[in-house]
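Two complexes follow with chain A in common, the first pairing it with chain B and the second with chain C.
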Partner chain A sequence: MPKRHSPDVVIIGAGVVGAACAYYAARSGLTVAVVDRGPVAGGTTGAGEGNLLVSDKEAGPELDLALLSTRLWRELSATLPPETEYEPKGGLVVAPDEPALRALRAFAEGQRAAGVTATEIPADRLADLEPHLAPGLAGGFHYLQDAQVQPAQAAARLLAASGAALHLGEEVTAILRDPASGAVRGVRTARRELLAPAVLNAAGTWGGEVARLAGVPLPVLPRRGFVLVTEPLPRIVRHKVYAADYIADVASGSAALQSSAVVEGTPGGPVLIGATRERVGFDRSLSTEALRRLAAQAAALFPVLADVQVLRAYHGFRPYLPDHLPAIGADPRVPGLHHACGHEGAGIGLAPATGALVAAALTGTAPPLDPAPFRPGRDFGPADTVPPQEQQS
Partner chain B sequence: MTRRTPRALVGGAPQETFTFRFDGREIPAAAGQTVAAALWGAGVLAWRTTRHGGEPRGAFCGIGQCFDCLVTVDGAPNRRACLVPARPGGLVTSQEGTGHDDLAV
Partner chain C sequence: MTTSPSEPRPAPAPVDLAVVGAGPAGLAAAVTAASLGLTVALLDAGSRPGGQYYRHPEPALGAARPKALHHDWAAFAGREAELRAHARGGRVRHLAGHQVWSVTGSGTDWTVHARTDDAGAESVPARAVLLATGAYERHLPFPGWTLPGVVGAGGAQAMLKSGLVLPGRRVVVAGSGPLLLAVAASLAAAGARVPAVVEASGYVPYARHPGTLLRNPAKLAEGAVHGGALLRHRVRPLLRHAVVEAHGTDRVEAVTVARLDRDWRPVPGTGRRVPCDAVAVGHGLVPELSLATALGCATRAAADGTVALVLTPGLRTSVPGVWAAGEAGGVGGAPLALTEGEIAAHTIAGRAVPPALVRRRARLRAFADVMGAAHRPGPGWTGWLREETAVCRCEEVPAGRVREAVEDLGATDARTVKLLTRAGMGWCQGRMCGPAVAALAGDGPSADRRPLACPVRLGQLAELPALPVD
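Take a look at the complex of A and B:
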């Protein structure tokens, strides 16, 4: 097949969202180029745990997106190589006391109506699912649809399967626009101009900067999170297990440090322990307080972890939009400009459905679900009080 | 003939010698020696098997970087034999896999 000189779409961002958009765009017959200033999965994708969760999302547009993604990930797992480490392990959300369990029950009721499979697990049956769980919990909910992938591998394998032309280590310095119509014409990097009638901003936490290159604001903010990595262990945690207060943390917009234990095993052996959330700009310094809380909460949930070694910690910056929904689709302010960013901590899980929505928008075909709640031109609502560090880029 | 060792070159002598147990044998060691050095001195080159495939492993880098020399010391798995000092009466046991197989569910 002769190589075309210019692609149909240039995707800025080689994280999992950019990779999934490349995959579904290519499957729709478009030729795709992907540009990233770093490597594949060099940003938030590589700093995640690979969660594909429906359990932490209340009924609404994000849950619909997650449910579609869950189906698409299952399809993808049949075609992507085993290195993707797709594990349909299910999630277990546990409540420390009766009030928390009641709240969880109401939450699950809404989710069930939206198509989530959530089964209440009484206290005396929790150990059947997770033998190492601490005693004394009030009960929990088992979510069959929760799953996990190795996020960096998932992005790399999706990109490879897309057949997109990859330009890594090339920062986009300008988005080219037609002087008369204002429509995008492509992008410029230090090494080349890539001309295309459509440009997709899949720059994750740095999506606001890319939008600014096109002359439009997009209020993506970083929300820092730490993950602890234990020494390799045999399978001691079977599901994705977390405490009910995690759900409140995810939905919160607070800038202050929040943490709740989210524990999962990996095929590689280490157990991953998240999740903290704090709004501190792009501060990369290590927070011993965040690590201390994670370790203590994980050991409270799984006492066996108190005696295993933590090998290292890593952190990343979730791309956060003030109304907690991603921006997906065409930007009404700039013809040819599309966005797929702002997925906060759910980008790995939401990537395939995002890709399917973007592909539909690019080809003018019917979207697989209503894209209106994610439209980039929407009113994002008032931003929470922004710490001074975030005033910088 | 005296062996040309770093210690012989400076005329040093160990302050203290003792033994520790390794898989049922007594291993001689000198104060300050690491577990890996004492095991090597006794002709033991492997004290761990890998998680996948059960391949034998011992000291590789010898300076605490590669984590190949992991061993169980006094019941605690995944200690780096090249860094942990030998201790009089210590109990060193060869390690299989993660050393935490008892925790598997």
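Take a look at the complex of A and C:
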């Protein structure tokens, strides 16, 4: 493929977010170059699970982004090759007792108003959806829109379909700026200067460092998650299944949903159980406590799993911003600089809608939804004060 | 979902040293440490000590002379007797049939988590940890390598030692490394015909290090013994050749042997067929580092193309409180493993290391490096793969899919190939296909990353003692 002299946009990061941005930017007629210091999907994308969830998001901007993504993922599944393993399998959120079920009902009510399809499943019908579920649950909700992809494949296939020029194994060491206007002019790697009028920071958990290269702060932090993978099994888990517990925090008035590990089968056979959430920096050591919790929660939902072998465990570092929303769009502080990072535990799900928003910002066209809640220049508030070992899906 | 907190179990008192692996290195370390006054727990997946090298014939076979297939059985038998004495004296707990899936902790506060053969669990607290986890065979796939009758060279040797079983009647021995001669000699001595010993490297590089070789007379003698045995059976190694294909339908019936160029690329038109009913193939060993890398121990690229641990002369890893000995620090053979086990025991006990041990280690390591470099696979070997040749047997991933991931999808390393193709995600967790996948990805060897060193029952994880949330 002949290399263009100068693309319209350079994207830093070949994770699923960078890939989706490349795809939608290219579809809007822009020429795109993608640079990554590692391989495709070598960052957090390679450690993600591929849940495309609406069920775990309360009504608000993130749910809106997720709903748009749900539609876009369905569209993409018709274009991308089957290796992407898109599966609109639906989610099942179960409540262990009556109070939890009542809370779940109220939560689902709010989601329905935003466009979510959630159907209450009485206790005696849960087995129709999931025959191996533990007995004694109070009931649950079936979320039709929850789906799944294989994250690394999704990133690789989106990139391939974008036709973007790929520069792998090249770290961006500087963001070039016009001395007079301060506008970005491109990026520098050890091997080249890539000149472009727009640079997109899609560096995930490392987005704060990349922003710093352009001279602006962006408080992206790592949040560790562990996942357990079992031996290949016949299909015993059909949906994305997790349990919900309501934390009645009347004082804050927030409908926080505490949920346990998501349990799901994969086309390849193994059951995935994930993920924990801990803020421990980039600590790579194994936490047996994290594994214990995942295993205990999975066995509580599906007692048959107690006797299966766990083949492997892995971890990754979710990129999060203090207000738990991603930063998407043009940075008002540096002309030509755009961000698409900080998607925390939902970047795979939110990637297409993020790409569509970025493409609209780059081309100056009407965005598919209100981008204001995600603007990179917003006040992120104080770094949050959640206990470091708190555990949700 | 509420999860019932596990019953708090009374924590047993920590031992001074937990040794993982009871091969030559771990066994030597355990008995030496005990004799220096430490309390020791020796954990090993196997039912008897000895590791990959010292193998006990199945008792049912009633074989009277296991020594026949071991050069230095006495070195082992002596230590095994010491082990039993220390166990009786309460200084060593030998936990056979304990496979360690994780080591957690730091400093002088470690827990070694094991699964037992009877589906039980044991977590051993310890003040220091020695990883003596040894190595496993390096496999380079070739068309037909999944046919029944194709076995690992080390596996064939192990079968002979422990069960005295032959993999076939006419066995081609192929691959690279000093083990090939040993295997061929054992097979011939046990009554098999060995139509060819096919060695991919030349022995030329040995000649460049005559000093190192001369300083290792025992090794030379060992080679001479094998060589002599082979000559008696009229087997001569075919250098710079490789088995590039195995033929057969239900079982291997013949192999194609071809000449290799300097980079191990098969030279077109040089293939010839050799009939056989079994093939024993091996390309040396790969250090087993799952536990070490999960702990964050620093690694290095070894001369043989594998990844080994970075160790100080006293055999400390880069993680304080964790030591390693034997193949984990670089493949080097049983005598080196014994020596390193003794050195590590001394430094863990805070004693000066006897100079004779230091000298022996230096000599044997130098020899191992020469051998390792001589038998390091050349980059051209992937030339004998076909698109449909299975690279990952567990997940049935052919070479073509790996190449697609590399050429079309942006995979530049083994990890990304795994994510895109599932190669390395099955039961063996990449121990079988890892070197091949890395080579196809154009990647150097990368350290094992397996936070779980072996499969664990989910229920066992669920029943771990709960930790307080802080």
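Just so we're on the same page, the second predicted complex is superposed on the first by the 366 of 393 C-alpha atoms of A that agree within 3 Å, B and C clash if a C-alpha of one lies under 4 Å from a C-alpha of the other, contacts with A are read in each partner's own complex, and residues count from 1 in each chain.
The rule is simple: a contact is a pair of C-beta atoms (placed from the backbone, for glycine too) under 8 Å apart; a residue touches a chain by one contact, two chains touch by 3 or more.
Because the structure is a prediction, the values reported are computed rather than measured.
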{"item": "Contacts of A:285 with chain B and chain C, given as first, second, both or neither", "value": "second"}
{"item": "Partner chain in contact with A:67 - chain B first, chain C second, else both or neither", "value": "neither"}
{"item": "Partner chain(s) touched by A:350 [first = chain B, second = chain C, both, neither]", "value": "neither"}
{"item": "Partner chain in contact with A:308 - chain B first, chain C second, else both or neither", "value": "both"}
{"item": "Touching partner for A:131 - first (chain B), second (chain C), both, neither", "value": "first"}
{"item": "Chain A residues touched - chain C or chain B, whichever exceeds", "value": "C"}
{"item": "Which superposed partner A:231 touches (first chain B, second chain C, both, neither)", "value": "both"}
{"item": "Common ground on chain A, meaning residues reached by chain C in one complex and by chain B in the other", "value": "231-232, 308-309"}
{"item": "In the complex, chain C residues that touch chain A", "value": "1-4, 6, 102, 104, 111, 113, 294-296, 395, 405, 408-413, 415-416, 419-420, 422, 425-427, 429, 450-452, 455-459, 461-462, 464, 466-467, 469-470"}
{"item": "In the complex with chain C, residue positions of chain A that touch it", "value": "14, 38-42, 46, 96, 151-153, 156-157, 159-160, 166, 168-169, 228-232, 243-245, 260, 268, 270, 284-286, 288-289, 291-301, 305-315, 387-389"}
{"item": "Touch list for chain B against partner chain A, complex", "value": "51, 78, 97-98, 100-101, 103-105"}
{"item": "Touching residues on chain A, where the partner in the complex is chain B", "value": "130-132, 231-236, 238, 269, 304, 308-309"}
